[in-house]
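Shared chain: chain A. Partners: chain B in the first complex, chain C in the second.
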Partner chain A sequence: MGSSRAPRGIRRRDLLTSTAAAFFVFGAEAALGRTVKGGLPWAPDSVVPPTPVSAVGWYFFTALEGAAVEAICDRLIPPDDGNPGGKQAGCAVFIDRQLIGSYGAAERFYMRPPFATGTPQQGTQTQFSPAEQYRRGLAALDRYCRDGLGGKGFAELPAAEQDKLLAAMEKGEAQFTGVNPREFFELLLQNAMEGFFADPLYGGNRDMAGWKLIGFPGARYDYRDYIGQHNKPFPLPPVALQGRPEWIGR
Partner chain B sequence: MTMRRAVFGLIGAAAFAAPAFAQDLAYETIEKGRALVIAGDCVACHTPPGAKPFSGGRAVETPFGDILAPNLTPDRATGIGAWSDEEFVRALQQGVGRDGEHLFPALPYTAYTKVTRGDLVAMRAYLNTVEPVHNPVEPNQLPFPFNMRFLQFFWKALFFTPGEYQPNPQQPADWNRGAYLVEGLGHCASCHSAKNILGGDKAAMEGGTLQNWFAPNLTADRRVGLGAWSEDELIEYLKTGHTARSAASGPMAEVVEFQTSKMPDADLKAMAVYLKDIAAAPAVKATPLAADRADMQAGAALYADNCSACHVGKGEGVARLFPALAGSAVVQSDDAATLLRMVLQGSRSAATDAAPTAPAMPAFDWKLTDAQIAAVVTYARNSWGNAASAVGAGDVKTMRNALKN
Partner chain C sequence: MARKLPATDVVIVGLGWTGALMAEELTAAGLNVVAIERGPWRDTSTDYPTTIDQDELRFGIRLDLFLRPAQETFTFRNNLNQSALPIRQFGSFLPGNGVGGAGVHWNGQTWRFAATDYKLRSYLTERYGAKFLPEDMTIEDWGVTYDELEPFFDRFEYISGVSGKAGNIKGEKDPAGNIFEDPRQRDYPLPPLDPSYAMTLFDAAAKGLGYHPFPRPGANASRAYTNPLGVTMGPCTYCGFCERFGCGNYSKGTPQTAVLPVLMRRANFEARTLCEVLHINKDAAGERATGVTYVDAHGEEFEQPADIVLVCAYGLHNVRLLLLSGIGEPYDPATGQGTVGRNYAYQSSSGARLFFEDKRFNPFIGSGVLGQSMDDFNGDNFDHAAHGFVGGAGISCASTHGRPIASSGTRAPGAGRWGMSWKSQVASTYQNTTGISGQGSVYSYRDCYLDLDPIYKDRFGRPLMRMTFDWHDNERKMTNFIAERCTEIAKAMNPKTVQTNRLSEHYSVVPYQSTHNTGGATMGDNPKTSVVNKYLQSWDLHNVFVVGASAFQHNAGYNPTGTVGALALWAADAIKNRYLKNPGPLVQA
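== the complex of A and B ==
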């Protein structure tokens, strides 16, 4: 035996001795219990307040791109009965501000190759960040419109033609160069909805238009006074992180 | 056992017996002193956060400037190790330092003068047992002319009545014990009595403002004082920091954490008995502001959206977690300092062994404007049976600036 024994994992004796040694080195200290008393740490002025975005101008889009995205949002969420549509609710502003930030740069996505085509359930597998997808997608859309639809940009098309083109994109039938039209449509639809329902602080959902439309009460977190009142509408208007008009002086 | 061994044993036992007896006496005195030092909350001023106990150097903010609390450890050079018991008693009963200099009443000797000599000597005995820390402290950080110690001579002549507490024979023992603790060691009046322009007490226990807090009225006034509190509630408050209606925060949270929560139940009961017997000044008739005022309407909207989740729709609060605003003395006091800074900066309530949760109020200074805070505070002061004066945006601005410094 002896040296003829090939290494074959941990021997029982080694395990026991090393465990005992580890206990004496580390275990004795770590095994001691400790009673923690007193309140949790608290310090004044430790709030990190959210910063409202600016409401004017484009930060990511060119004027042409901005106009196209506004037009798209207004067809995805058209104005009706005095309710503002996607454009008036600021959805394009919301998207613009997101694209200059961490979302646009895909900071939270895994962005390394290989870039394979996934199943629909696996979502977009693109190598392009959202900012790049918009730049490329809007360029492809503009080229498609100018080459095939009478030399006009998307924003200048009549509403019916815009709807037709968007429907073709959704079905993957519009022939864009270098861009998957269906993927780009899905991205637009997703972001337009986010802009319509996110807190107004982020540039969309202006005057809480989206929340008013669906009866969402906003940034509230306690309904004890109302929870027993069945089949009655909730009486309070929606409230945003920065308040509502009744708060005066904002 | 040999004879010799037995003899040595007996000698040994005798040699230990005498000091052991003395040690027992000393132990009793020291333990008594420890309890009294807790009842006097000495640690609050004499221990900066994170420092060794009683090592001194914490700034006591006064309207005249900062005074640093001295080192009370037995270090002979920088603490009070070299002081005689007489010098210690004289400092607390007469406000006179070791070299005969007048002490500033940031040391509340106006209250400590009521403490008996025997109790003070016991406190000294306990302080002799804490770890000596070498930490030189120059207490006098006051600007001219307040830094002139001899001026304290005139101040004392005006506002200081030396003398140990004299029990009131008409009152039961617990009332007298309560008075001794409240007026003496507990030095409640240091915060809860308004100060005149020279820093002397006026209007005893009717509430006082200091360090941008308002310490509420402790008299029997039902609206702004303790009139609606029961003895049991007071005991619970002092013991745990929380009751069905209230929570201790800010400087009072420290008082509860360091002092009252560690005092014996009998002493808390005595304090409650005495506090419940402090007569109120004639109540001021207060009528709530009209609900249709613009600030009341805005305040109602602000309250529903920002406050009601914890303090509940009609200001009833949640027992032992979130203070009730309806019927609250802090909310209705003429001086809204505590209320304003609570809304602006938030605060953590007291954490005690009996109530360790210590819920905190979040800050709203980043979210609400001066006018909005004025409106919501005015609304809380005048709803659900509350009645108090309106608060203006200017008051909020003043407090906001004061808290920034």
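== the complex of A and C ==
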């Protein structure tokens, strides 16, 4: 097997996975092109697993921003008897960790100018990365609450008022300065749902709360014994990429 | 200045489905082949083993395996009067990148376009009269026939390991399969996958209405399998992480599972990864290509001389490479002159969503192919005279996956998108919902085309390709007709509620629809209305072959890759058995 120009030990020169926050960085060498010849190339340690995030603290949000996002996630996905809401499920932690990675930086998106307003059919034309959209959106939301809703931040408002404001954002009726409230709402809703249902190693879906709610078995890979069991409950509990909490002594 | 490398017999741009198939054929014939691929090397054990593959966020949402718009994207507008803007995040379609191309993360649904498709203009004109077709519809005959392609369909199905049931073997019909299909020489290599619960309900309802449902054919192996190249595959486990994901089980027919293990052992084959071809080079007389110029990950440029250039970069990228290389005359919608970029088409989707109350569909048990389909309203399988439109759709009830982030937006009628109104129904909706969908043809039109964008550039400062496309009335009528049929079948399945999904008012690049982009480097027997001849050989440079769905003169109600694979093998056969003996145009213009 010939493999010229391949940096030793790093087969996945192709950058970080989107979902791994930038806790480790491959050298610039990681992007070398190379020639593959004489058989299927194989090198040890070439799988790039995702990096599990730590559940403690904020990496991107300020404490105030973090509290607001937790409160928002808890209204988008409210707690109800026995079922955690977005906050307890870790959706805000999930979003925080996503925003310090390649997703937050819009690394994969086409971000070249000129930026223009298009039709809905042409898709998003924002010049701001998701991280910038959160910074700007949360600042606009905070200003709106403090100026118009009695000097309190979003997290301190009563639940009914929070719901009203979120509904107004969704409809584009809340007047934010310099930020399109609808676009920001859509981003929040999309990321909150991602956090509620993504593998727990990304910081949300804590204790597989989202998967338990709907009955999704998680990272299983073989349903051959069950494809013929029509209209019957699936008997096994969910499992995540890192297993089940009890397997790893949590 | 590009560094000039030693010459090779064949250079292939892109090592996806078509590149891998053609490299296998041509190296087996003894030619030296170099494939140049802009993305990374990829394989099952290293890139999507079952220890990391079931990661919806990474692969399904952040699109880890796909082309990133930062590397290359397109601009888009609905019509000639709009300014095109860049697709900043991919949505409607998701091009591949890296060894295996989109073949790594396709579903595997494998169809043959109908015999009538290859002679669409003459066939429809003969049956319904020329006036029946809209004036600005620019469909053409393809210059090739179903009978010519049949052996190559067969070979692609056996290489990729298709599970299914034949409905027409040499004219003998079998209602367990698709009785509308054109004759095939033998059955599929593998029996159908096991049906899901939802599929059995659909099957009974469709039969009750007099239709002819059958298991959808495709390259998810229903059993252990050894293909004609000697590569073995394992049985599909219905894991539900199929399209958008690699297969960790060696069960999905992909370049990795079906071709590369054999191809990579050939001494006369070489792949170069993370190398992007910038353009195809021409000789001074403009009669032949001399090879390609590419840039590696350092930004260093190389020139790879070759006797034959195969453009296998995926339909859309094929067209952009021709435009950037100045091969052929760019199409001009104002005059109708020129061919490169002409007849870009897509597919239309419509259908019905069914909400039950007491079911357990277990949607997470599924595969990219798993579904029950019917062809009663596809192509010209029904008389269109009374309908006032042409074309049709394949109708399916599928069980491809129940991935939770993607499913979170499916709501019972009346439910909200968030809050308790959303949360209180999500569990029940997840288990109680299924769908019937129509994958519809889109024929080609004078104002639907591809050209170079005047403003937006890629990272090398070269123009992006611009897409101008919208639905036309013929497709609107057809798709609404299909939505009605889907709704009728849905009602016969007795759910509590049915929602009808109609065609969007305008085509949008935002919601995912399909990576079934066609046309732009079309095939035919007239150089005024096609870019390549029936062997996919360029009319302009006889040693350039442009392979992929770019050759389609229109899009049908079938997934494209069965036909793309057959065309690739057919073109490889023509190179081996005709072109090498006498290099030059295989068809006189």
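The rule we apply is simple: the second predicted complex is superposed on the first by the 196 of 250 C-alpha atoms of A that agree within 3 Å, B and C clash if a C-alpha of one lies under 4 Å from a C-alpha of the other, contacts with A are read in each partner's own complex, and residues count from 1 in each chain.
Keep this in mind: a residue touches a chain if its C-beta (ideal position, glycine included) is under 8 Å from a C-beta of that chain, and two chains touch if they have at least 3 such contacts.
Bear in mind that the values here come from a model prediction, so they are computed numbers and not experimental data.
Student: What's your read, chain B or chain C touching more residues of chain A?
Tutor: For chain A, the partner with the higher number of touched residues is C.
Student: After the superposition on A, what does A:244 contact: first (chain B), second (chain C), both or neither?
Tutor: A:244 contacts chain B only, not chain C.
Student: Between chain B (first) and chain C (second), which does A:178 come into contact with in this model arrangement: first, second, both, or neither?
Tutor: A:178 sits against neither chain B nor chain C.
Student: Considering only the touch criterion stated at the top, classify A:37 as touching first (chain B), second (chain C), both, or neither.
Tutor: Both: A:37 reaches chain B and chain C.
Student: I'd like to know which partner A:221 touches here: chain B for first, chain C for second, both or neither.
Tutor: A:221 sits against chain B and chain C alike.
Student: Quick check on the superposed pair: does A:158 touch chain B, chain C, both, or neither? Answer first, second, both or neither.
Tutor: A:158 contacts neither chain B nor chain C.
Student: Return first, second, both or neither, reflecting whether A:236 touches chain B, chain C, both chains, or no partner chain.
Tutor: Only chain B; A:236 stays clear of chain C.
Student: Which holds for A:119: it touches chain B only (first), chain C only (second), both, or neither?
Tutor: second
Student: So, does A:108 touch the first partner chain B, the second partner chain C, both, or neither?
Tutor: second
Student: Overlap the chain B and chain C contact sets on chain A and report the shared residues.
Tutor: Looking at chain A, the two contact sets intersect at 37-40, 42, 47, 49, 219-222, 224, 241.
Student: With touch defined as at the start, can you tell me which chain B residues reach chain A in the complex?
Tutor: It comes out as residues 257, 294, 297-298, 301-302, 304-305, 308-310, 312-313, 345-351, 353, 356, 358, 360, 362-363, 365-369, 371-372, 375, 403.
Student: Where on chain A is chain B touching in the complex?
Tutor: 37-40, 42, 44-45, 47, 49, 219-222, 224-225, 236, 239, 241-244, 246-250
Student: Can you list the chain A residues touching chain C in their complex?
Tutor: 11-14, 17-19, 31-43, 46-50, 75-78, 80, 83, 103, 107-112, 114, 116, 118-126, 163, 166, 170, 189, 192-194, 196-199, 202, 210-211, 213-224, 226-234, 241
Student: For the complex, give me every residue of chain C touching chain A.
Tutor: Those residues of chain C that touch chain A are 39-41, 43, 45-47, 49-58, 61-64, 68-70, 73, 76-78, 82-89, 91, 98, 194, 196-197, 200, 235, 237-241, 248-249, 260-261, 264-265, 267, 269-275, 296-298, 359-362, 364-365, 402, 404-405, 407-409, 417-420, 422-424, 426-427, 430-431, 455-457, 506-510.
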